[in-house]
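What follows are several structures.
What follows is chain A paired twice: with chain B in the first complex and chain C in the second.
And then the complex of A and B:
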């Protein structure tokens, strides 16, 4: 159990210290890995023309973006800018990286946050249902359907959905976040209408893996001796399922949800492309293609923070869901 | 023995269908238990004694094929509807499960797990259930019942879990307690304490103690020895242990550390349950041609039955 005592404080400060080290290592990798890729932003920006470009002009351009200086100097500048929350300018888009990220994160969260929640809830409900009625018609049907979905490429599925519901039936728009020129409530409704299909598809894909884990986890818990003891106590199946089994699934559920939240910022890339949604996924994709170092650094930084925050939250929730883990924390 | 006893078991057989063939876990068990009587069922691992305990409470999986009859207070257990059955389990019949450390749900406090049984059995509600849980924890010898009540199972040792399980099983004042290996894995002192506690708390109930520990069995009035799914000897504990009539019972007694730990020759295997004739003949020094006919459990003295043609 999470108790506000000195042990918990010690545990949290211990964790924060470890996360700080992790973040520093990731920041460093975020700087070096993009620069280890072949090509550079200038060549990319100028395209074919770079070959005939005056060498002096190219060097001038590189100097303008600070790309001519030795790598370790650039690294130090990068770190000191980060310390001032300055993420720099996008080379390709000529915008402040910070502004670019803010806008994109908003839309990505609007797309992915509901999907993770809905997907998780659907997986928990269907997974429990199938787990408790293992071998039944419903279980076999749902499990094979979700397994099929899990192993099929999401872009294909998304494109089929768009083709059916948007193109042929015309129920939903083909893409984008909004139609434009709308305000107030009608704008909100318009956005919801635009996001319905992508959220539905993302939710389904979020649900597949979680469903399979929950279902198998329930099978395993049903075989535990304490479930036999609960039956020997004359408890009804309902009480056993809802109070004895589901509570034991929660730690595992929390860890998957945390991972899903962590990856959600980048994970929607394919859906963003299919629905022409300009979120984090497409931003990272464009930045990688154009070797836009500052944008890559900034975007990866955001991903890092999301993943670490999700893990931290999961760590705290574990202790509530499973008292054995809370005790292990105390003994650090 | 009287037909109107608390528990009457007739011709109870349980078979499990496995990929290697059918395993006859217990075969044609007849058992009578009167009110306030204590019966020990002994036998080596795999003889079917736990299956018998579970079969009495109709707790076996769907893959088990059960034949015969189990009547509790003259009601057929295998004909009860769900409500009656849930009322029987953890109400009229309480199980003290084996493996104490895995019997409690790891994410629910001990107190909550005891209270849910008390409330289910309709004994007390809310705060009353809490008070009763605390009362039984202190009866089980915990000096700080409150602390145990709010603890999660992993914080308790095996012996403490066993005591908490006994407190839980007895908190509903059952008419029959089935204690499955209550002394398994305990040292001599804890064993003595646990047995004392069990008999103290169950003094108003009947008890079936399933065990392979003859020292534990000695604390019960009657003793049934099981081999390969059958009862091979049954009678008052003192008489059976001091004057065993079946070769297997003698073997069990001589296998005790205090009696020189002489092992019984050969090995018991699951499929000997299906063997023709006497199931013990392969391991028996006295085996003769007669043993190829399956012996009946027959009365050899008053209150004493043996399944052996040489007895």
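And then the complex of A and C:
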């Protein structure tokens, strides 16, 4: 479908350029945040312990970490260490930040990816259902329900769900990824059982906003002239809905899914804490409580990279779903 | 033909004066309530909430800081029981409305000021100014909001003002986008072109005409900005980054979660502040809804 012509390459290279700038800005931001903040980076890096340390020893440490050198030199060192995936050491866990993150990011992605897909699918189905029958009882009910969900904080909803389904009914575990001591197929099933509730909650949260957008854009498309023509041609409602309307909703749907990915990562962080799942969320939470700055910054960087990757993928898909985009965006 | 068109853009003075006097007339007021019941529900909820926040010291049955017997169940004396320090949760809830509303409002004001300025400039001027501003907005949209807010709030000392600043400075992107697209529409309208032809300066046109025609979008966007700022504050406070001296609803849930309220199934501790957040956010969302035009909401979020 996507024939590699000059326009598409231009579109993609334009995008790549834009994302490269974004990554550069984020890296720079990450470098400057600890250095701009009140307090000195060394004391921040050592946490509470720095107060009781000898001043000479602190200076020695500063020299070791290169914090006494001029800022631009520090910046270059920072970039080169990032190129080697060196994110420093965690203060509290005395582990490499890289190793910590590698271990945790898998679980967060395991939580986020299914939720994005399930939530998106649910939103597409419900949203088109409500959009085609706008004003009906079902539409009103679903819209107000999802609006209510949209305006509730995710942790509250998660806490209520845990309290109902895990505390009182006992259908699902209270937290964690697995019960342990299991292998093979039973382990996979156990993990799925543990993840059911968090994924369901995250999917619902993703579905709220996407649902509203899809419902809205279907209403708009139904008012378009080409739908009127399609009806005049005598096409059945089913054909119009599937071929003309949904086809036109898809590009918007894809770009929303990509933006949602960021929203979902934030949501997953909070949900993980409620369910005490050992993913990025709990890592950041623990890091915040113990003021473990290297871990916080490493986690921020990794999350941002995944977000950018997701958006880039969406941009590519967008070009496939709507061939006009590549043309239109170049002409601006 | 040109005559008719210019008439279309003339503000109808008679209608305007009628509109103003109508706000005093009870019969017409009722009519307007009936015309958009959803919107007025939102306004009514907010009026009640603001009243509670202002008169908290008068309504609260106890001093929220006074300690007593911890972990009490709801009773006549303590409507929602007491927390781990024996403080009355109901009074704490009333006082917390102050922090939550203030943080929401002030953060939204900051984000709206930034977003509207960026959106106006990017929408009105062509060329590199737009490219730069919208490029910047795109970059900010890509940064995961909550993690960055967590880092900033963790570095700064935990105070209400820092949280307001952090949320306000990071939450303006969608406002900028919405305002920019509206301004793009407005600037192509004929009367703007005529004003420009008459030799008025850019700043005059921006202030007098473009801004006036984007006003509606900005008001609605402000309301939603308060809602999302309150949700952001709730998340930050839930993570324990809130101001320990000014307890907010989110922070009450944080304490209930970390100090055994949730594990012991004390729903009267964590549920009421959560519902308050929910109701307040919903009220701000409802205000932006016009009857039969609820689809507009989506363009604004």
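The criterion applied here is as follows: the second predicted complex is superposed on the first by the 268 of 332 C-alpha atoms of A that agree within 3 Å, B and C clash if a C-alpha of one lies under 4 Å from a C-alpha of the other, contacts with A are read in each partner's own complex, and residues count from 1 in each chain.
Operating definition for what follows: contacts are C-beta pairs under 8 Å (C-beta built on N, C-alpha and C of every residue); 3 or more make two chains touch, one makes a residue touch a chain.
None of the values given here were measured: they were computed from a predicted structure.
If you put the two complexes together on chain A, you find that chain B and chain C both fit without a clash.
Look at A:244: by the touch rule set out above, it reaches chain B but stays clear of chain C.
Looking at the shared chain after the overlay, A:231 reaches chain B, while chain C stays out of its contact range. When the two complexes are laid over each other on chain A, the CA centres of chain B and chain C sit 70 degrees apart as seen from the CA centre of chain A, to the nearest 10.
Chain A is touched at more residues by one of its partners, and among chain B and chain C that partner is C. Contact with neither chain B nor chain C is seen for A:16 once the two complexes are overlaid on the shared chain.
Shared-chain residue A:167: touches chain C; no touch with chain B.
By the touch criterion defined above, A:262 lies against chain C but remains apart from chain B after alignment on the C-alpha atoms of chain A.
Superposition on the common chain places the nearest Cα atoms of chain B and chain C 11 Å from each other.
Those residues of chain A that touch chain B in the shared complex are 224-226, 228-236, 239, 243-244, 247-248, 250, 321-324, 327.
Listed in rising order, the residues of chain A touching chain C in the complex are 18, 21-22, 25-26, 29, 33-34, 37-39, 44, 143, 147-148, 150-156, 159-160, 163, 167, 209, 212-213, 215-216, 219-220, 259, 262, 265-266, 269-270, 273-274, 284-285, 288-289, 291, 293, 296-297, 299-300, 303-304, 307-308, 311. By the touch rule above, chain B contacts chain A in their complex via residues 57, 59, 82, 85-91, 95, 97, 99, 102-108, 116-117, 120-121, 152, 154-155. By the touch criterion given at the top, residues 135, 138-139, 141-148, 150-152, 154-157, 227, 231, 234-235, 238-241, 250, 253, 257, 262, 265, 267, 270-271, 274, 277-278, 281-282, 285, 294-295, 297-299, 301 of chain C touch chain A in their complex.
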